[in-house]
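For reference, the structures are reproduced in the following blocks.
Common to both upcoming complexes is chain A, partnered first by chain B, then by chain C.
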Partner chain A sequence: MTSTEGDDMSNRILRTIKKIIENDRNIDEFGIIPTPYNLKNKSPVLYEDHCIGLESWCVKHVYNYACSNLFNHYQQLKKGKLCFTKVSDFNNMLIGALLINPHVTTFWNMKRELIERELLNLDDEMYFSKIVLSHKAKATDVFAYRRWLLQRIKKKLDHQIPFSLIQNEFSVTHMASEKSPNNYHSWNHRIWTMENMTSYNQLQQIIYSELSYTQEWINSHISEHVGYHYRQYLITLTTKVFISSTIYRSYFDFVVSEFLKPSGVSLTPKEIPLHFLGKSSKYLPSEGRYTNYICIMLYDLFVLVDKLNATFPEHEALYYHRRFLVQHLLNLPLELQNANDISDNENSGTKNSVVSIGSDIRANKWSKLFKVSPNKYEGYTICELVIRCDKKFLAENGGSREGERYRKWLSNVMGLK
Partner chain B sequence: MAIDGVKQQLNKVFAEDDALINKKLPKELLLRIFSYLDVVSLCRCAQVSKAWNILALDGSNWQRIDLFDFQKDVEGPIIENISRRCGGFLRQLSLRGCQSIADGSMKTLAQLCPNVEDLNLNGCKKLTDTTCNALSRHCSKLQKLNLDSCAAITDNSLKALSDGCPNLTHINISWCSNITENGVEALARGCPRLRSFISKGCKHITSRAVICLARFCHQLEVVNLQGCSNIRDEAVQSLAEKCPRLHYLCLSGCSALTDASLIALAQQCPLLSTLEVAGCSQFTDAAFQALARSCRYLEKMDLDECVLITDATLIHLAMGCPRIEYLTLSHCELITDEGIRHLSMSPCAAENLTVLELDNCPLVTDASLEHLTSCHNLQRVELYDCQLITRFGIRRLRNHLPNIKVHAYFAPVTPPPTAGGTRQRYCRCCVIL
Partner chain C sequence: MVKIYCISILHKGPTNATWLKSAFDLQSFSFFQRSSVQEFMSFFCKTIVERTIPASRQSVKEGEYLCHVYVRADNLAGVVITDHEYPARVSHTLVTKILDEFAQQIPASSWSNLQEKDVHFPQLNTFLAKYQNPREADALTKIQEDLDETKIILHNTIQAVLERGEKLDDLVSKSEGLSMQSKAFYKTARKTNSCCNF
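For the complex of A and B:
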């Protein structure tokens, strides 16, 4: 067959794919189906149950056709000579080429160009990029494109982003994370969504639901570092966003029933930091800001990690999460004190004191790394709790390889015996 | 120095109006020459000298303007300048695809160019009824108007046109989804000379609109009602009865139509040359038999998705319509090799048949391809998804008809050479980026 006939076939295939995407707004998946030979004169586009499949024999021809024509069309577009009947052809080719190979930034940029000229619809593109992700879940360019689209949508909506949009974004990243293990890109995109698409008022509520989402995720993906990393990001985020009225009940209740009830203490949420951090709590930036932070960390340490480690022993990722929790809990009172020392000294404002802080901080850092004295943790309820928990943990897991490494870390880095 | 000399000479030639060409040729002849130039050349000539500027921009050169090539750049002020320059000279103007054009500049145009006869506004999406009101007030000589995809147009436009433009012969209101039967009725009453009426995708056009059209416009030759799914048999019947000169009719997507429509057409429109009835799935062999008996001039037929037709239709067409060039039978799932055999033996096959579309006809086999070898004029055959067709059959057909294009879902045997070349270009581009 001559080249034009192959082109005609490719064109028809591209049109078919476009038509399916246009008519079905719930496509789950696109995939390439290995079929080395086509013996029958049959359409290579398979469509069943909201899934599109492309037989592999035609991929070469379709992709070649798209690539060799795209640049022509693009040049015409640049000159403003692409008549509107050809725009849809152009888009068909982009759809085909990007579904087959989403790693070509140039093609995504052509899409951007079309959007800037208002020849494509933002919602359609969001949907299309989701289909691409179902095929290649780790394609950075797709996430970058989505972020670009979201920013445009945000501008269009005048920063009034409906919650459904954020939810949709979360479900897309969830799909991408499910499809490909340790999908750093999708989790990164999730963090980006948290930071750029949410409003301050919503954030507290979203963090809470995300916390329970990550807990579920970790339960079923025990050795995926990315999941833990995201949870750690959420935990640190709780201290930055704070509205005093929002307390994460389930974590707070856990702390109350586990640590306070037995010793007969009853506290309001605001008094939690005071109880656990003791004297250093007077340096807290505002009352109750650290309540959620402390409660979640304690919950993770005493329940989540413990339970998971019992069911799935010897998982490095889990141990690293434990290290994160222990380190942050132990250092919290010290850090608060240090930060306060610095600001105190800054307030006094003399040259001498500035010099002395510098040396102070350095000395502090050194001491943290090398000659830590275990008694620096003394006097803080929270530190005592953590140390007690670690002792019990090591007694149970001390013999194993990971347990041994953890013990060394505790004694060498954290300075605990 | 030499270059300076040449420059001076050139300056002399172009600076003075008494350059040689201007001396030798009288202005009338220059004007005549200019009248053959296209827009770009005229604009270039206008920059040569003052004298040429006046001549090139003379309204008489600007009677017919097509700005399609500049669609993205054409803005309001350009139209206003053109209308000022051309004035009464302007006869024909195409602004196809010039999306930035708005009502204001069209109003100026209508006021300054009252003699415009043919106006193409295809895809000027910003235009509204105001434009048509201005046209109706000032341009009574308007004959052809294309409003394809001007989605803001409503019935008021058609009413205005019917008042002010009685000479209208061609109108295209495709995809103007606001238009209803009332607008069409007004148009039909006001413009009895209408010869061409095209309204693709106007969902609100009903049978009553078409009946009015038929009653008042007996000269209709071209009617396109593609996608007007509310049309019923009575509309096509009255169209057939009142408009005997009909030669182009498109009813694709009017799925409510039945055999009665086709039989009426067969009885009263013997001149029919193009009939497109894609998606009219209620048509049967009986109707096509009647049609094939009386409409002997049929050249192009689109029977896509007329799922009830069988080989009988093909047999009748083969016997009755010797001029068929273009035949689409996509998705006609009952067609078999036997029908194709009759078609290929008919007089039309040997001389006229150039395009045959058989995609998604599952019963067609290689035997059909063998029959088609007798169609010497055949240039293109579509065979997508005919799963009984094999590579071998296609190769054999191609041996007999070396220039034919066969479209099927078979991968080309050798990779196309052009694709290889451009692929390299694509890679280089990626490296640069």
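For the complex of A and C:
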């Protein structure tokens, strides 16, 4: 193949791809199909059932062509000499090059430049970057580009972001997470969307629906640490964005039916922390703030982890989630007291009985990590519950490899016998 | 992912194995790879059944896949291909259950000269869909107790299953059941897996 022939062919291929993307707004996937030779003398662009495929033999020609001409076009664009027809050629080349290799930040920056000159449309670009993710789900540059686009959209809409936009973002990250295991890039993008694209009021509701989403996810991706990480992030978030009226009913109901009803206690959601944390709950920053947090953690410990472990034994990721729950539940009352002591000390400097207990705990915590003091958990309902649950769990799973590791962790790090 | 990709029932003849019925769930693969993946899974099923002695069970790890095979004493064989998260115990119970049901419905005398297209056993697709959630297996606890896990031979690669002197690459290139495209796909997959692929 001579070079001009190759260029013509590449140009045709690029135009075909662009046309397909332009005409079909529901492309599911782009992929490169391993084909060592051009066997059939047909167009290497396959288009079927909303999927685009590119035969691998032409990839190097197309990519070479795009790369060698892109910079030339870019120079002209900078000088303002790029005529309108050339702009669409330029974009075709960018599309081709980025579909084949989305890891080139320079090319994405060229796209940004085109947007800033209003030569490209924001929605089209959101759509295009989604197609790129269907091919390479772990490409950081694509997510960065999407965030950049979203921020522009946000500005354009004057911060009134429709819920559909957030949902679309969630579905794109879902697609990327499904395509590639342990895809921290896509989950981080999900977190970014939550933190930057939602309003405070929406967030409460979104956290709730995301909690059920992660539960679904964990059910079918048992050994992927990302799912647990995201769930832990959500659980922690509940204490930070708290509006007293929003109680996550299903978790609260679980706690009532499992722990309160049997012992004949009836509580309002606000009284939950007092019941479980005992005397330390008076140091809570605001009443009822930890209700959701406690209820979700208890649910995870008693239902989620337990059930999953029965069906899928010996999964490290699941054991680590258990560790997270146990550690945070056990330490919650101690930490609250601790934080209070420190602020007490700073404020007045006066000593009272609580301070002496607190400093004792702090000494334990800082001096020796492995120092065992089983008594420190005494007197808190929540600690008793957790310890009881762990005893039962170890009785059932103690013999296995992961079970043994867990037992060691409990005794050495948490100080439980 | 917790996933079953393929369930296949085969008959192990004196020299080679023949397919009696297969079901696939390949939605998680990219569109243009699905046909190649399907050819490969069929090819794997046959290769492994031919190298498993009757009345035994094996589990073979290959990359991110787990392949569970059970050849009964009467030469009826079942293979389940899952990903690594799917519980192995459930896979083996599933194979047992499917083979029992198949043997009840289709007489043993016809197995050796049946063609896959003539076999009417639609339950296989139902099983495949239902068992995507392994907790369905709770209903099966009775059989699970009978399953002696110590008797399952576990191999870490398919190479361990092959006979001495055999190589997977040679088997692939010699195979008539694989199309040109699938062979190209196999070669590329080998290459990309051989180095760190982020």
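Just so we're on the same page, the second predicted complex is superposed on the first by the 398 of 417 C-alpha atoms of A that agree within 3 Å, B and C clash if a C-alpha of one lies under 4 Å from a C-alpha of the other, contacts with A are read in each partner's own complex, and residues count from 1 in each chain.
Please note the rule applied: a contact is a pair of C-beta atoms (placed from the backbone, for glycine too) under 8 Å apart; a residue touches a chain by one contact, two chains touch by 3 or more.
Predicted model, so just to flag it, every value in this text is computed and none were measured.
Participant: After lining up the shared chain so the two structures overlap, which partner does A:Ser171 touch, if you call chain B first and chain C second: first, second, both or neither?
Facilitator: In the superposition, A:Ser171 contacts neither chain B nor chain C.
Participant: Which of the two partners, first being chain B and second being chain C, lies in contact with A:Thr236: first, second, both, or neither?
Facilitator: neither
Participant: Please work out whether A:Phe71 is in contact with chain B alone, chain C alone, both, or neither, and reply first, second, both or neither.
Facilitator: first
Participant: Classify the contacts of A:Val104 with the two partner chains as first (chain B alone), second (chain C alone), both, or neither.
Facilitator: In the superposed model, A:Val104 contacts chain B only, not chain C.
Participant: So which one touches more of the residues on chain A, chain B or chain C?
Facilitator: Larger number of chain A residues touched: B.
Participant: In the overlaid three-chain picture, which partner chain does A:Lys81 touch, first (chain B) or second (chain C), both, or neither?
Facilitator: The answer is first: A:Lys81 touches chain B but not chain C.
Participant: Touching A:His61, do we find chain B (first), chain C (second), both, or neither?
Facilitator: Once the two structures are laid over each other on A, A:His61 reaches chain B alone.
Participant: For A:Thr268, decide between first (touching chain B), second (touching chain C), both and neither.
Facilitator: It touches nothing on chain B or chain C.
Participant: Mind pulling up the chain B residues that touch chain A in the complex?
Facilitator: 68-73, 97, 123, 383-390, 405-413, 415-419, 421-423, 425-426, 429-430, 433
Participant: Give the list of chain A residues in touch with chain B in this complex.
Facilitator: Per the stated touch rule, the residues are 1-9, 12, 38, 40-44, 57-58, 60-61, 64-65, 67-71, 80-81, 83-84, 104-106.
Participant: How about chain A: which of its residues touch chain C in the complex?
Facilitator: Touch residues, chain A against chain C: 28-29, 31, 33-36, 39, 46, 48-49, 51, 53, 56, 134, 138, 178, 181, 219-223, 311-313, 315.
Participant: Any idea which chain C residues touch chain A in the complex?
Facilitator: 1-3, 28, 30-33, 84-85, 87, 133-135, 137, 180-181, 184-185, 187-188, 198
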